[in-house]
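Chain IDs A, B, C, D, E and F follow the sequence of writing; residue 1 opens each chain.
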Amino acid sequence: MRVLAVGAHPDDIEFLCAGTLAKFKEKKVDIFMSYLCNGDKGHFEVPSLELARIRKKEAENSAKILGAEVKGGMFPDLDIYPDDKARGKVVDLIRVARPDLIITHSPKDYMCDHTMTSKLVVDASFIATLPNYETEHEPHTFIPPIIFMDTLAGVNFLPTEYVDITDFVDIKEKMLLCHQSQCKWLKEHDGIDYVGFMRKVASFRGLQCGVPYAEAFRSYSVWGRVKAKRLLP
Amino acid sequence: MRVLAVGAHPDDIEFLCAGTLAKFKEKKVDIFMSYLCNGDKGHFEVPSLELARIRKKEAENSAKILGAEVKGGMFPDLDIYPDDKARGKVVDLIRVARPDLIITHSPKDYMCDHTMTSKLVVDASFIATLPNYETEHEPHTFIPPIIFMDTLAGVNFLPTEYVDITDFVDIKEKMLLCHQSQCKWLKEHDGIDYVGFMRKVASFRGLQCGVPYAEAFRSYSVWGRVKAKRLLP
Amino acid sequence: MRVLAVGAHPDDIEFLCAGTLAKFKEKKVDIFMSYLCNGDKGHFEVPSLELARIRKKEAENSAKILGAEVKGGMFPDLDIYPDDKARGKVVDLIRVARPDLIITHSPKDYMCDHTMTSKLVVDASFIATLPNYETEHEPHTFIPPIIFMDTLAGVNFLPTEYVDITDFVDIKEKMLLCHQSQCKWLKEHDGIDYVGFMRKVASFRGLQCGVPYAEAFRSYSVWGRVKAKRLLP
Amino acid sequence: MRVLAVGAHPDDIEFLCAGTLAKFKEKKVDIFMSYLCNGDKGHFEVPSLELARIRKKEAENSAKILGAEVKGGMFPDLDIYPDDKARGKVVDLIRVARPDLIITHSPKDYMCDHTMTSKLVVDASFIATLPNYETEHEPHTFIPPIIFMDTLAGVNFLPTEYVDITDFVDIKEKMLLCHQSQCKWLKEHDGIDYVGFMRKVASFRGLQCGVPYAEAFRSYSVWGRVKAKRLLP
Amino acid sequence: MRVLAVGAHPDDIEFLCAGTLAKFKEKKVDIFMSYLCNGDKGHFEVPSLELARIRKKEAENSAKILGAEVKGGMFPDLDIYPDDKARGKVVDLIRVARPDLIITHSPKDYMCDHTMTSKLVVDASFIATLPNYETEHEPHTFIPPIIFMDTLAGVNFLPTEYVDITDFVDIKEKMLLCHQSQCKWLKEHDGIDYVGFMRKVASFRGLQCGVPYAEAFRSYSVWGRVKAKRLLP
Amino acid sequence: MRVLAVGAHPDDIEFLCAGTLAKFKEKKVDIFMSYLCNGDKGHFEVPSLELARIRKKEAENSAKILGAEVKGGMFPDLDIYPDDKARGKVVDLIRVARPDLIITHSPKDYMCDHTMTSKLVVDASFIATLPNYETEHEPHTFIPPIIFMDTLAGVNFLPTEYVDITDFVDIKEKMLLCHQSQCKWLKEHDGIDYVGFMRKVASFRGLQCGVPYAEAFRSYSVWGRVKAKRLLP
């Protein structure tokens, strides 16, 4: 089995589903991590180009912990729109990853790169199967189901599925801490405790389903995506 | 594992989740079938007492096909209300069945015995665990999760979970056909094709999730019931 | 065609659907108006018994304007509960009226007599067809569809259907004015302009659907009630 | 009366509302069928250009059965976006068709051409009335109401209106069978029974509203579109 | 200003809105705390009568910390139903407390005493104003607005309003710890950390609205209850 | 405090929130009014360029009544899309206005310029804070909360907050009347009573919350925007 997780920026996957990915990994599932935007605007002081370089490295370090492939940063931050250019690149991402399951942002998340990532992934994962839509890579052989991650801080999100990540929350934290550029300046500038934020959400979602730590999800429900079984670990 | 299915009348379980029960059975799960009302008003010609007797027999025949225990008919049709008497009996049903999982009607189903069954089962399954609520039987040792069945003809119901019952739809039909009192007069008087109705719904739900036949469900989401795993087979 | 409108108190029908009833009447539909509670607590000064007597008279006057049958006040205000007594009386109401369509309160309306009326009518209209549920009157021959009226002041209500009552708003007002006991003390004590209230809602609902005055509704959607045609005039 | 039905691809209208169109036709309503995309990517083997040509012919054959005008394929598949080019062409489509009612895809349907068609039609049908938005054709004289068709396989769709198509399901099937390019390869490659799929949905929607076959819809509810009458046949 | 908080059992108010009550208190608002059920079934070992006595004392101790009046335990646990007896007592509670605002359980909370408390309070708070509904106490002079508290563990609850309780979370904890009978056996028997549970929820709700600790609410939206201002502190 | 109100066209703000703005103004809040489109297509006879000029003047007159700054018309009508050009200009609008609170259209409003305005404002108000997203103006220092205005005629809108504008409805009317180009031709051509329309909605929204005139709103609920206090006056 192959799982593709697509976030908007280099640390989103870590924040919202790394525990689940680690659990998948333990079950010998191949993990492919991606982030559409290179994160070049996620800092108040470091300039774009340098920031993109730093964050690429951070994403690679994080993926290494999981033993996951990683490919991302095809767009500058805030430069993804519903157009042909973006769609084509995401189609290729999916054609390369060839996932059995995709995990991505909720269409109701808190900022535009997240919601646009959600839309691009949804659209492209259908298109990826069509031979007459030609790109660099071969068509994927089936339309993969999609699961949406929790929104940031769980605002306006009613989960339909939970994953117990109690045994994987430390890996999740370690992966998150690879993103030092974010972790550091969020603390210094905004007083936001990066890891504490993640643990608050994970322990609340755990409380809801009766375990110490959990991640929360909703399935994407349209024809061709609905399955008569659980896809999450 | 033990599963308790509770319908309002003798044939509701067969109609709405017998395929899933058969699938559970194949996995060596113990099945306990129940119906709160004795079905004594479900006919235009047969008088109440005789009808209740007939339908009890029919329910037993159906349960036999599955190798399930069956206990039901504690109330006349249309005689369940949110009161102490009804609640106590349903608490005892649960204390006897001791289920790991309960399947019952949606709170939005099409007539009052169905919606009241849903409510009584939800309430009683919590109460069943409390020693200070004394009844004939010992308290259950934990609060079981609950899954709601599809509504009749799927009206106003958005499923969150499906069960592939392709290999069990024939057993489902056989169980349904045990309820000859219903099957016959519905055809004669109302022109309703009992088995055809069931198959239409099952094949539509199958279409939605990509299999020939399926049953559809929604989980009951309140604290203490939410689980980080799939409960259905 | 026969339409049964059931409100909680003597003036609710007038307030929420009299325009539609008048429009039905013009199309030669027989109208049957009912109110479950006698209105005996709807005043701060007039004592219960006297008030019930007054309001019965007012309801009759209003129905006369429409040429409608009227039967109501089977219960004191605030004395309807989900029990056998109430259900039986409402079953009989339906068996007497024998409606092709029932109009009643929204299950989300603003006070308990309204929501309980909604529930009793929904439940009883199914039961009314069952011969084994014996009451004074003969079973109804089919399960009638139900349409819910707007909530008071339209709070928390998203209509799915509108009726243009522009030509009938004056009749509606005249009917409303029959309920002098309400009209007068609401103005004196609470400064509420009875007729003005009604016109504000009707003109707002009209604005939404492009006519001067309208009434708003939602259909009750469960199996056996859904129809492939419009039921409202 | 004039009805414009707009699907994303050449067979969508047939699949989701041809029964309703046939019923309209019987009532002497003029039917205008359209599909925004030429269907050039809806096959795994036939190349784009040839496929577009074939499907245009198929759409014409289908429209002929109904005696409907047809105009479509203004865009290649997957080449419609929220931009000025697409909008202008859809405005012109509406200015040519001059509909009293538009039927199009649900904004929640299963793939991006469907959801974008829905959005383009909604937006363009307002714009079509504005003289200062200049295109090849004269402005339409009023903003037409819009009704959304069922989603594919009815997933995540709660209908508010149904049309009984029992007498028209054979015409619907005949129209669908005009789309041989789809019908054939879906069966050969994916084992999908094209006509069986349609009949399953239509008979399920029929079951919900008490007729043998039905199509299901939801109205688009914003100011200027809401009407105090039924628009469907 | 007077605020009445009504929970189902002696510790519910503490769990779900004590921070808000403490904040109200600081603003010189009079607080009236109530719990409808005496808590006599909330333990696996202590028998009913003794338990009710203990919990009454615990509730008084907790109220004392706040300087609030407290009155409760009018019913045994699980002995509240939609009937005249329960309604009358809750009407009297409101007529005694005479609140400007009522805070109570969400109608979607996790067990039947909670949901029934919600319903009884909603219904009774309307009735309390009617002179013709006679009880021991004088009618209340207006219909108070109602705000629903978070559900247990926030399951299935989308807040519309938050209260920052950062400065009051310690008082909340102190009040909660008055309920030693619950605190102790929940830890011993179920491994549930009473205070930890509360803090997890409060810090998650805080995270959502940008403060260290918060409580979450939804307003009850029906006519007569909606206000054009914030009612919470 | 600084409030920025952004409508799609020159008179939208007046129609949907001018009463609230006037109330803010009275509390010494600085008001910044904007409209993204220049209104050049909002007439059936006056040509685009002339119309844009007229409407700019009308908007200025209206803002003058309030003593508000006004800046708008950066785009022709129907020329805003989800692209970089539009986003950049709206980012600059926010960087210039530097609001503590933004009021804009509901994402579910009745035509595309309204819904696109809503989206652009939501997206841009996040981006406006990021230094690496460079525009003409300095980054805003925090992400402002957003409140959505009522939809046109309140269709499909369930308010969560109301503002009593009784004392400000005359100012609102006066501001609206500045838009003579709209007021006049809507009456002449469509028989729409501009001011009457506004008063119908305001008095209906007032009825719902117990005051003579009100405006209705919903908060935008995502992380970073939710506040533990009321933002409206």
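Methods note: a contact is a pair of C-beta atoms (placed from the backbone, for glycine too) under 8 Å apart; a residue touches a chain by one contact, two chains touch by 3 or more.
On a predicted model such as this, the values are computed, not experimentally measured, just so you know.
Undergrad: Which chains does subunit A share as contact partners with subunit D?
TA: B, F
Undergrad: Could you tell me which chains are in contact with subunit A and with subunit E alike?
TA: B, F
Undergrad: Write the angle of the rotation needed to overlay subunit A on subunit F, where the fit uses Cα atoms and the result is rounded to the nearest 5°.
TA: The two chains, subunit A and subunit F, differ by a rotation of 120 degrees.
Undergrad: Among all other chains, pick the one whose mean CA position is farthest from the mean CA position of subunit D.
TA: Farthest by centroid: E.
Undergrad: Which option, A-F, C-D or A-E, should count as the same interface as A-D once over half of the contact pairs match?
TA: It is A-F that reproduces the contact pattern of A-D.
Undergrad: For subunit B versus subunit D, which are copies of one sequence, does the interface use mostly the same residue numbers on each side, meaning over half shared, or is it different?
TA: same
Undergrad: Measuring centre to centre with CA averages, how many angstrom lie between subunit B and subunit C?
TA: About 35 Å, centre to centre.
Undergrad: Please work out the Cα centroid separation of subunit A and subunit B, and write it as a whole number of Å.
TA: 39
Undergrad: Per the centroid of Cα atoms for each chain, what is the distance between subunit A and subunit C, given in Å?
TA: Measuring from centre to centre gives 53 Å for this pair.
Undergrad: Got the subunit C residues that touch at least 2 other chains?
TA: 82-83, 153, 155-156, 158, 208, 221, 223-224, 226
Undergrad: Could you list each pair of chains that touch one another?
TA: A-B, A-D, A-E, A-F, B-C, B-D, B-E, C-D, C-E, C-F, D-F, E-F
Undergrad: For subunit A, which residues count as touching subunit B in their complex?
TA: 158, 160, 162-164, 208-211, 214, 219, 221, 223-224, 226-230
Undergrad: Touching residues of subunit A toward subunit F in the complex: what are they?
TA: Contacts found on subunit A: 40-45, 47-48, 51, 77-79, 81-83, 108-112, 151-153, 155-156.
Undergrad: What residues of subunit B sit close enough to touch subunit E in their complex?
TA: Against subunit E, the touching part of subunit B is residues 82-84, 87, 122-123, 126-127, 130-133, 221-226.
Undergrad: Could you please specify the touching residues of subunit E with respect to subunit A in the complex?
TA: By the definition above, subunit E touches subunit A via 153-156, 158, 197, 200-201, 203-204, 207-208.
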